[in-house]
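Two complexes come next, and they have one chain in common, chain A, joined by chain B in the first and chain C in the second.
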Partner chain A sequence: MRASRALGLSPRAAAALGLFLAVMLLLPFLVNAYIVSVLVVVLFAAYFGQSWNIMTGFAGQLSLGHALYVGLGAYTSAALFVHFGLTPWLGMIAGMAVAALAGSAIAALSFRFRVGGVYFALLTIAFAEFTRILFDHFGWVGATEGLFLPVANLAHDDPVRLRGSPVMFYYLLLVLSLAALVLSHSLLDRRVGYYWQAIREDEEAARALGIDVFRYKIAAMALSAAMTALGGTLLAFYDNNLYPDTVFAMGRSIEIIIAPIIGGLGTLFGPIVGAFLLTGLGETMTNLSTYFEISGLKQWFYGAALLAIVALQPSGLWPWLSRALGLWERRR
Partner chain B sequence: MSAALLEVRGISKRFRGLQAVDNVSFAVPPGGIVALIGPNGAGKTTTFNLIAGAMVPDGGSIVLDGADITGGRPDQACRAGIGRTFQLVKPFGALSVLQNVMVGAFKATADRVAARRAAWEILERLGLAEKAENPAKTLTLPERKRLETARALATRPKILLLDEVMAGLRPTEIDQMVRAFADLSRETGLAILLTEHVMRAVMALSHHIVVLHHGQKICEGAPEQVARDPQVLECYLGHAQAAERPGA
Partner chain C sequence: MLYLNIIVAGLLTGAVYGLMALGLSVIFGVVRIVNFAHGEMMVLAMYGACLANAGLGLDPLLAVPLVTLTLFLLGYALQRGLINRYIARPDHEQFLLLLAVATMITASLLMGFGPDARNVQLGYAYDSYQIGAMLLDKVRLLAAAGAVLGAAALSGFFRFTRTGKSIRACADNQFGAQVVGLDVKRLYAVTFGLGAACVGAAGCLMLLLVDVQPYIATDYTLLAFIIVILGGLGSMPGALFGGILVGVSEALSGFLVEPSFKSAFSFGLLILVLLVRPQGLLGRA
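On to the complex of A and B.
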């Protein structure tokens, strides 16, 4: 009960969340390996969406280049592991630091020179793209040849070295996504969350109320980048291989933002709802597309879903869904 | 006026060819209510923007409570003790009315409960309490103007800059607002600098009036004194009419 109050939920919403969590905890025991692997993809999408949502949904700064932070987290921890045998948990922290630094630098550069809105978004794409090209020529991490993590056939999952089955990653991601949910909620409930939303709604008014807009924007960017990099580490150790052209892909940046937009930008549960709907159905589309030999069904589906949401429910599915289910959403 | 709370000393601002504010000086004493009036384009809003840090003056200085705040950023001006409203209202549309005011209250405290309590008090004082949970974007224009004021008040300013907050209000609402501001100033010692086209409010509220015309200060004094000043009548009513006015 205390946990539900800490999240600001009505009893009904707390029950719904509890039920959802229980199902998620039991799911790996009930479904086959293929479904687990799809769920891992869903949880990655949810977590990356939650991380992106802090910067764009809460603080209103549109980033279209979040693949950059996925890549920095993935490459930093993987390279430290491959070359020095450093445990991925320390590598993860290093990756988060690198990403936070990169994010702050990009934000500081942009906002110092009053680059905002669409131009800022373009700049985030540019940084992601030229980092991709940089890594294409970065021999120490394999360049275009790719960076590979040794696959160990262990009898047991080894969470310390992040070597293990998809089920282990499933649970790690579940915990991570839940932690991101609690963190997001707690941020929104504090001064920093109010300030971010004020900046999102009207920068000039925010400034007149004593908010150091520059500092708060950088903080949002740094936190969002660090959280994304954390997910990047898990992605590296899940996939076991890294190529600049897939890790830093523009397509990944786009996929990161679609789930929160469909689910409800700036809401707590939007990214999660969006990830389940989109990635779940997207995966089905991929299968159908192989089965019927029609290529690109998933991309068509993403496009259609985005169009439908923008036209019919621009604030996203979650605000509508929570009202329909009689759950209580605090914001929007 | 020697121990002024806000002292504006010879500030100027030029936009390309236009001298928007030209060597303007005036002062607001602690707890004083000063009105800045003048026809459209006289430089009232620019003067506000200069004081609140939204623009940097070309010359002159602005001193608040003994500290020189000239050329500081808007957020620094706010932290120094200047609370301002915008003539073109800027509500945080997606946030509730209460949350809007809490953003202001967070200047004085990081504690959410304390900020919430402070915001409630201000909403009650300004008659917005029953709208507290509504999204700000659903408010009418007069309500949005009151929200601007509430938000600025929540930062606990030493001086409140009100930029035409009475525009569009009905006469009874104007009287309510005048009473609210007069009470506020008397009870808390808050100083107020206002620009206003609603003369009913200016005359009822202000202790002192500064008149701007083409960016220059043409006159200042007590309300009754300013209302009789021939130069003021001229710039408001035009040359001929001022001359024709009996007893002017």
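On to the complex of A and C.
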């Protein structure tokens, strides 16, 4: 047990991961532009899910307002780019700092006043919605009219200014998601990861063992928020337009958390598996409902699929899938 | 005087909000489930009242018993058939379950009625009463009266009937209730049914005041969350009080600041109360 824990992956799992990566690296050369755009959506979902997973999956604090950090990251870097021509690589650091600060402040306020569980979840929604309405009236970033980035010249990619084709974003996101995977894995192996899991399983017991619960919960929130904001920057430069009502939408917060829950909350690969499944499902439903021309059909099947998953595999698909494929992952 | 009119209008609308939120509060207080499909059930009830109006020619006020009974049965069946199995599950699984239910309700409404807004035409829609310099809209007054009656009926049920007392026993001590032989699962189903019934009545009353379309459901869910937390999750007077508070705050901020800013004030109130008094204004610590 100890040896395999140190390794993290069995040889078979390592081989499967290598194969998966090779396929992902080659895919843009094999498929058409539409599939690439869908894969970009998958990778966004996977990365946001991985970021959220640290807060809720590892440290056990249910956040339902992660759109807030997507929005802060997106708006900070985009506004700095539009108004001052600042490169998004510096803008994203500013965005991450803003989001980390906001996340720590929200977490500190909540946990200082012992707001936990369902109340904490509702508080995160409240802060996200509050910020959305503020941005609706924030003229410097376009308010409800939206903030637009100069359209990219697709002839050649310009990674310095993050102007380019979906393929460029695909590879950027792939690297980002892989980095998040490595980071999550190494965090779980460290003291901080064990502390988080102790807090998740039993906060009082963790406190009794001398863990500074307050500090570690804030650290989880700050890291999760900063990672989410980094994805938000990429989203802003990929979409080229930002509206408060879509960027900060409650629907986005919910979308962010469905993939990791369905994939397997607190697992390393759950967010990625969930992102593939959900985006694939969503695209299929969109195509089907366009074919049948019934509005609402997509959402209906989407809801039914969620219901089926929560009924059949409530702890997520990855634990089941990894067992079925004979891959072994240390549980959480 | 204008202020008084605005405050009174907000107060009356707030009573209907309160009845809706009362349903959420009752469900959480007893079953310990956060009903993320609350707004969706509300919109379902509003469409039910629309349908009763279009098909049977019923005034939304007269549709209250029918819609309330339907929602009660739906709520009962939902808890009995589905949610009861998730009682002891982690928060995120319950969230996903109710999110799935919510998504399917909205999608069904979208398929059945389309995305356009609907309302009912009432002969008395623009009638009002004048008391001194104060103007009272007839629809608002009727809706608020209905909401207060509904809340009183529920309160009476919990106080005086055997089932109501059993449900309170479950809420106080689930294990103890089981020990003395109460059928907790059935009582949970009745409770969820009652919560849904509140929403059923509130939906009919709300239709007197606003149009309905499928996508407003999330707004109602959030509104109900805000109200019950302001008043105190699980507290019945708290839900009504919170509803009235939000109704007045919406009316005032819509008038003084800007209508698009009114929910920012509600969320601001929520944040303030959660941080300063997380058990809610009328909740027990």
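Throughout what follows, the second predicted complex is superposed on the first by the 317 of 332 C-alpha atoms of A that agree within 3 Å, B and C clash if a C-alpha of one lies under 4 Å from a C-alpha of the other, contacts with A are read in each partner's own complex, and residues count from 1 in each chain.
Here is the rule we go by: contacts are C-beta pairs under 8 Å (C-beta built on N, C-alpha and C of every residue); 3 or more make two chains touch, one makes a residue touch a chain.
Being a predicted model, the structure only gives us computed values, none of them experimental.
Student: Going by the contact rule stated at the top, is it chain B or chain C that touches a larger number of residues on chain A?
Tutor: Counted on chain A, the partner with more touching residues turns out to be C.
Student: Applying the document's definition of touch, where does A:R191 land relative to chain B and chain C: first, second, both, or neither?
Tutor: A:R191 sits against chain B, while chain C stays out of touch.
Student: Tell me the contact category for A:E204 with respect to chain B and chain C: first, second, both or neither.
Tutor: first
Student: Between chain B and chain C, whom does A:I35 touch in the aligned arrangement: first, second, both, or neither?
Tutor: Neither: A:I35 stays clear of chain B and chain C.
Student: Which holds for A:F113: it touches chain B only (first), chain C only (second), both, or neither?
Tutor: Touch status of A:F113: second partner only.
Student: Is A:V310 touching anything from chain B or chain C once the two structures are fitted on A? First, second, both or neither.
Tutor: After superposition on chain A, A:V310 lies in contact with chain C alone.
Student: What is the contact status of A:L134 with respect to chain B (first) and chain C (second): first, second, both, or neither?
Tutor: Second partner only, chain C.
Student: Which positions of chain A sit in both the chain B and the chain C interface?
Tutor: Shared contact residues on chain A: none.
Student: Taking the complex as given, what residues does chain B use to touch chain A?
Tutor: Counting only chain B, the residues touching chain A are 52, 54, 73-75, 78-79, 84, 86, 90-95, 99, 102-104, 106-107, 110, 112, 115, 151-152, 154-155.
Student: Taking the touch rule as given, give the residues of chain A at its contact with chain B in the complex, in rising order.
Tutor: Within the complex, chain A touches chain B at residues 189-191, 194-195, 197-198, 200-202, 204-213, 266, 331-332.
Student: Within the complex, which stretch of chain A touches chain C?
Tutor: Chain A residues touching chain C: 56, 62, 64, 109-110, 113-115, 117-119, 121-123, 125-127, 129-130, 133-134, 136-137, 250-251, 254, 257-258, 261-262, 265, 294-300, 302-304, 306-307, 309-310, 314.
Student: Going by the contact rule set out above, which residues of chain C touch chain A in the complex?
Tutor: The touching residues are 34, 86, 89, 91-93, 95-97, 99-104, 106-111, 114-115, 214, 218, 222, 225-226, 229, 233, 258, 260-261, 263-264, 267-268, 270-271, 274-276, 278.
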